[in-house]
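A, B, C and D are the chain letters, set down in written order, and residue numbers restart from 1 in every chain.
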Amino acid sequence: METYSIIFAIFLGGAVLTYFAGKLNSILQDILFLGSVLVPTYLFFSGVSFGSAMPFSLEGISLLWGIDHYSWLFALIVLGLGSLAAVYAIGYMKGKERKGYFYFNFILSVMSMLGIVVSQDLISFFIFWEIMTWSSYLMVIYNGKDIQRVGIKYFVFSAIGAYAMLMGIVIVHSITHTFFIEDMIQAYGHMSLQLQIWIPILFLIAFAVKAAMMPLHVWAPGAYSNAPMAYTSLFSGALSKMGVYGMVLILVTLVSRLPQGIWFREVLAWLGGITAAVGTLWAIKQDDAKKLLAYSSVAQLGYIITGVAIGTELGMLAGLFLAVMHALFKGTLFMAVGAIEKQTGTTNFTEITGLIRKMPWTFLASLMSIIALAGIPPLGGFVGKWMLYESLITSDHYLLVILIFFASTAGFLYCYKFLFGFFLGQEEKEWEHVKEAPATMVVPMILMSVFMFVLGTFPGIILKPINNGLMDLGFVDSYKHLWETSVIFNNWGDHVILQPILYSIIAIFLFFLILVVWKGYKGTRYVTTKDISTSGEVPKEDENLTFSVGFTQPFLRAVAPVMRRQIDKYYTEFAKGLEGLFEFMRRIYTGNAQTYALYVVVFVVIVLLFKDVLF
Amino acid sequence: MVNDKHSQKIVDFIQNWSRKHSIWVLAYGTGCGAIEIPPTMTSRYDAERLGVRGAATPRQADVLMITGYLTVKTLKRVIRVYEQMQDPKYVIGFGSCTINGGMYYDSYNTINVLDKYLPVDVYINGCMPRPEAVLSGFAQLQKRIAEGRADGATQYKENLEWYRANQKRIIPNWVMPEYNW
Amino acid sequence: MKELKENIIQRLKTNFADAVAGSEFSYNRVDVHVKKETIPSILFYLKEEMGYVHLSHISCVDWLEEGEFELVFIVWSPVDKVKVFVKTRLDRENPVLENIDMIWRQANTYEREFREMFGIQFTGLVAPDEFILEDWQGPPPFRRDFDTAEYAKKTFWNRPGREDAQDVRETISGRDGEEIPDFAKKYSR
Amino acid sequence: MEEVLYNILGAVVTFIVAFVVGMTYGGLTRKITARVQNRKGPPFYQNFIDAFKLASKKTAIHHGVMHLMGPAFLMVTSVMTLLIVPVLAGNNWFPNLNFHGDLIFLLYIMTFGPLGMALGAGQTGNPNSAIGVTRGLSQMVGFEIPWVMSLVALMIQYHTTSITGLMEVQAQSGTWLMLSSPFAFIAAVMAMFGMFRYSPFDIVGAPTELASGPVSENGGKFLFVMMSAGSVFTFAKLTLYVDLFMGGASNLVVLLIKTFLLYMIPVLYGVTSPRYRTEQAVRWFWGWPTFFGFLAIIQAVILK
C-alpha cells in the first residue's frame, strides 16, 4: 500500500528537483528526470498487485486508489510510452531552452495519467484529470507560438470537458453521497431515467474532448503540432487514451445497463466513423508532417471510439488493441518527426527529401509504424483493423464499415506521403550534411517497432490483458474466446492464423529478394537519384526534381465537393461562433499559468470548505 | 553448368532467340523520321507481330532508334540515353541523315555520320525510309542478334576512348557522368 | 485604303523627321525606313497612338555587300487592317540596337535569336546567354559570311576516304544513260 | 515436417500454374487487342519471350535498398493472394493457406505489395514514379468502395467472412452467387476495371504521359519480377472472383474457361476506351458501381 505513496512522492519530488537541478548541472538534470520517470515505472510494475487498494481520507472525504486489470492496461500504455518518451526526450531536449520547464511538465503529465488510472474515486480522478490538462497545456505553449489560437483553444475545450465532468460528479455525489466509482455504478441502476441519460452524457463530453472526437476535435491538430515532439508522442499516444479509458469505463459500466444505451453507442460509433473519415481527408491535405500526424491521430482515435462504442466483445477488443497499437505507432512517428526536426530544422514535406540514406534507422522505425498505421499485415495494426471490421460486420453496421473502410484506404495516401516526403525522392544537396539522430532518440523508436512486429504475429500477448480488463469491468463475455496467442476469430467462427502467414511472407520475400539480386549484390551498383531517365537531360546538382508540392492533388480534386461543401463551412461557422466565446474566455483565461492554478485552487478550497452545505 | 562450353552455347542460343523476338524500342523521336514509327507500329504494318514494342524509359528498352537528323544538342541527350540503357542494347540508324548527313550534310548543327559517336548495329536507308524499310531493318537486326553479331554495345565499351574523343570534339562543354556500366 | 496608307505615312513623317516611305508592295502594307535611334519611339508611337498593337514579326536581313544588317519590325493594326513594316539599318561591324521588349514582351524572344544567330547586341536586354544553340563557339551562324559547308566539313569531319563526297546523281544517271538537265547541273558539285 | 514439405511443394506448383496461366492471358490480351485493332498481333507466347529476355538482361544499377526490395514486396502480395485463394474447390492437393485467412485479410494483403513497390518507386527519385503512385493510391480509394460493398453484402447475407465458407454456400445451394446476388456481382465487376488497370483506368502506367509511372526506373530483372508478379496477381484475382461469384472450379479446365471469360470483361472494355483523368476515374467508381453496391447491401439485409 505504501507503493502508491512512494510512486507519487517520487514523481512529485522528482519533478521539483529536476526543475531546480537545471540551475546546477545539465547532466544531473537529465539523470534526475530519467530517474523520476523510470523508478516509479519499475516500482509500479514490480510492487503493485491487482485488487490491492489504498483507501485514505482527505479532509473527511474518503478516497480510494487501486488497480484492476483494466486500469493496469492503461497504466502499461502510460508508463511504457512514458519511459520510452523520457529516454527519447533526453536526446531531443539536448541544447534546447527551458529544459526544466519541459521536464517538470513531462513528469507531471505521466504522474497525472497514472493517477487517473489508479483513481477509484471521482475526486482524485478529477484532480488528476485537471493536472493532466494543465501540464499538457503548458507543453502546448512551450514553443511560444500561436498561444492565442492554439493554446487557448485547447484550454477552452478542456475546460468545457472538465466542467461537464464536474457537473456529473456533483450530481452523482448528491445521490450517492460518496465519491467512489464503485458506488456510482451500484447506484446507477436505481436512478431516474433522466439522470441515467444525463450522467453518461456529461462524462462522455469530458472524455470525447480528450479523445478528440468529431465535433470537439478542433483543438487537436494545433495542440499536437505545437507541443515539442518528445511530448507529443506521449500526448497523442497516451494522453488522448485517457479519453478512451473513461469512455470505456462509462460505456461498459453505466450505458450497457440502460435499455436506451444502444442510442449512445450508435451515435458514438457514427461520430467515431465520421471522425476517422474527416480526419483522414484533412491529413491527406497537410504539407507539414506534424499537422499530418495530428489529423491522423484524430482519425485513428475515431477508429478506436467506433470500436469501443459498438460494444460487442470483438469491438471492445479491437478498440482497446488499436489503442495500444496507436500508442506504439503514433508515439514512434512523432518521435521520428522530432528526430527529423532536430536534424534538419524543418518538418515540411516540400522542403525535405531523400533522408533514407542519411537516417536509415529513423526510416526503418517510420516504415514499421506506417505499415502498422495503415493496417497492413504482418504488423500489429492489421490485427486491430481486422477485428474492427469483423466486429462491425457481425454487429450489423453495414454502412459504418464502408465509411471506416473508406477512411482506412484513403489513409494509405497520407501514409505514403509521409514516407515519400521525408525519406524517399530525390536526394538534395541541401540535406547532404544530415546525420542520423543520437542513439537515445533512435533506440526507443526501434524498440517500439519491434513491439509492433511482435504484436502483429502474437497479438494474444496484449489481447489477454485486454480481455482480463474487460472481465474486471463486468463485461459479459458471450463468446468466451475470440483469440488465441496468434489466432484471431470473429463471432461467426472465421479466423486468421497469423503465424504461418508471417513465415510465408518472410520466406517469399527473401526468396524473391535473392532472385532479384541473384547475380550478386556486387553486380548492381548504386547510382544517385540524379541518374534517372529524364529524356536524356542531365540534371544539375542543384536542380530539384522532387515531386512534393500538391502531392495528393488528384485525389483531393476528386473529393473536393465533400471537403468544400461540408467541412470547410462547418469549420468556418464553428470558428466564427467560437470567436465570440474566445473573446470572453480570454478575460478569464489570461494565458498565464498561475492564474489558472489560482482559479482551481480557490474552487477546490470552496468545495472542501462548504461541502456539507453544498451536498 | 554454365561453364560447360556446350551448355553455354545452348544458353546463348536461347537468350539470343528471346532477344531477337522481343525488341523494345525506346520511344525517343529525335528527328523527322519519328513520324514513320506510328504507321510501322499500328494496324497497317503492325511491327508488334515481330515482337517489336515501345518502351517508355531507357532502363526498359533494348533498341535506341535514331530517327533522322541529329543535332548537336540532341546528340548530347542521345548519348546520355544510350548510356542509361542496360545491356544488351542496340542502335538503329534511321534514314540517310544518320549515314552521311543526308540533306543536312552542310548544316552547321547536325552531325553527319552517326557511328562516329554511337555504335550503330543496323542502318536503314532512305529519306524517309518507308515502314516496309523499317520492318526490313528490324528483320536485319533480328538476324544479327540471332547470329550474335549485334555487338555494338561491346564495341562501344571496348573503344570507349575513341567514341568519347569524337563526342567531346563536338560537345565542348562536357558535363555528363562517366559511362561505367 | 490608299488614303489610309498615305495618311499613315504622313502622320509618321510629321512626327519623326527621319522617316522615309519605302516602295509599295501590296495593298495593305506600308514600308517606313527610319534611323536606328528612332526605332523605340516610332514603335511606341505606332502601338500607343495609332493602334498598331500587334507585333507580327521581327526579321533580320544580312546585306553583306553593303555592310549592313536590316531589321524589319512588322506591326499590325486590327482596326486599320494594315501592316506597317518599320525598317532600319545597322552597321555590320558593330550592330547595336536599343532593346524594345518593354513595348512587346514577345520581342524578347526575337532579340535573343538575333543576338545568337546574327550577333546583334541589344542594349538593356535581360535574358539568358543561350537561346537555341548549346555551347556554340563559332561565329554567329546566320551571317552570310559564315560558310556552313566549310564549318560542317571541319566540325563533322567525313570518314577517311570519303572526303570527296561525290554526287551520286552522276553515277546514277551514268548507269541509266540519262542526261542531267542544265539547270540541275548548276547545283551539282 | 513432411506436411510442411508437401505444402511448400503445393505452393510451388500453384505458383507455376499461376505464372504460366497469367503470362498466357497477358499474351492473349495482346493478341485480342491486336485483332480488335485489325492487326495480326504477336504470338500468344510473346509475354514468355519478353519475360525471358528481361530476365537475361543485365541489371547493373540500383537506387538503394528500397528500390531493390520493391519487386520482392510486389511478389509477396501476389503469391500470398494466390496462396490464400482456393485455386481448385474441394481439391486437397493444394491447400496452401486457404484456411489461414479470410476476405478482410485478403483485402489488406492485396494492398501490401503496391505500397511496398511504391516505396521502391519512390526511392528511384523519378518524379514520374511518385506521380504514378499517388494516382494509383487515389484510384485504389475509388474502386475499393464498391468492391468492399459487394464483399460486405456477401458476408452479411451468408454469415461468413471466409472464401471457403462462401464457396460452400454455393456448393450447397447449387446456384452461383453471381445469380443469387446479382448486384454484388455487378459492383464487383465494375471494381475489377480499376483493379486490372486496363484503359480507361490505366492512369498509373500511362506510358505516353508518365513514362510508365512507378516502373519507369526498373529494367531487366526488376521488371521481370514485376511482370511475373503482375501475371500471378492477375490469375489470383480472377480465381478469387470465380470462387466468390461463380462457384469456384473443380478442375483446371473449368477454372481456365471461367477466369478467361471474366478477364475478357475489363480487357474488351479497355480496348475501345481512352484514358480517364485521375479524379474522373475516382468519381466514376463512386457513381454507378457504388450505387450497385448499395443495392447489394440492401438486398443482403432483406434476404439475410
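FYI, contacts are C-beta pairs under 8 Å (C-beta built on N, C-alpha and C of every residue); 3 or more make two chains touch, one makes a residue touch a chain.
Since the structure is predicted, the reported quantities are computational estimates derived from the model, not experimental observations.
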Pair joined by more contacting C-beta pairs (A-D or B-C): A-D
Most central chain, Cα average position: D
Averaged-CA centre spacing for the pair subunit D and subunit B, given as whole angstrom: 36
Whole-Å gap between the CA centroids of subunit B and subunit C: 38
Interchain centroid distance [CA atoms averaged], subunit A/subunit B, Å: 58
For subunit A, residues contacting two or more additional chains: 525, 531, 533
For subunit C, residues that touch 2 or more chains besides their own: none
Residues of subunit D engaged with two or more neighbouring chains: 59-61, 211, 216-217
All chain pairs that touch each other: A-B, A-D, B-C, B-D
Residues of subunit D touching subunit B in the complex: 30, 34, 37-43, 46, 49-50, 52-53, 56-61, 207-208, 211-212, 215-220, 223
Sites on subunit C touched by subunit B in the complex: 132-135, 137-138, 141, 146, 148-149, 151-153, 155-156, 158-159, 162, 165
Subunit A partner contacts - residues on subunit B that touch it in the complex: 28, 57-59, 76-81, 84, 175-177, 181
Residues of subunit B that touch subunit D when the two form their complex: 14-15, 18-19, 21-22, 24, 27, 42-43, 46, 48-51, 53-62, 86-88, 181
Contact set on subunit B toward subunit C in their complex: 72-73, 76, 100-101, 105-113, 116, 169-173
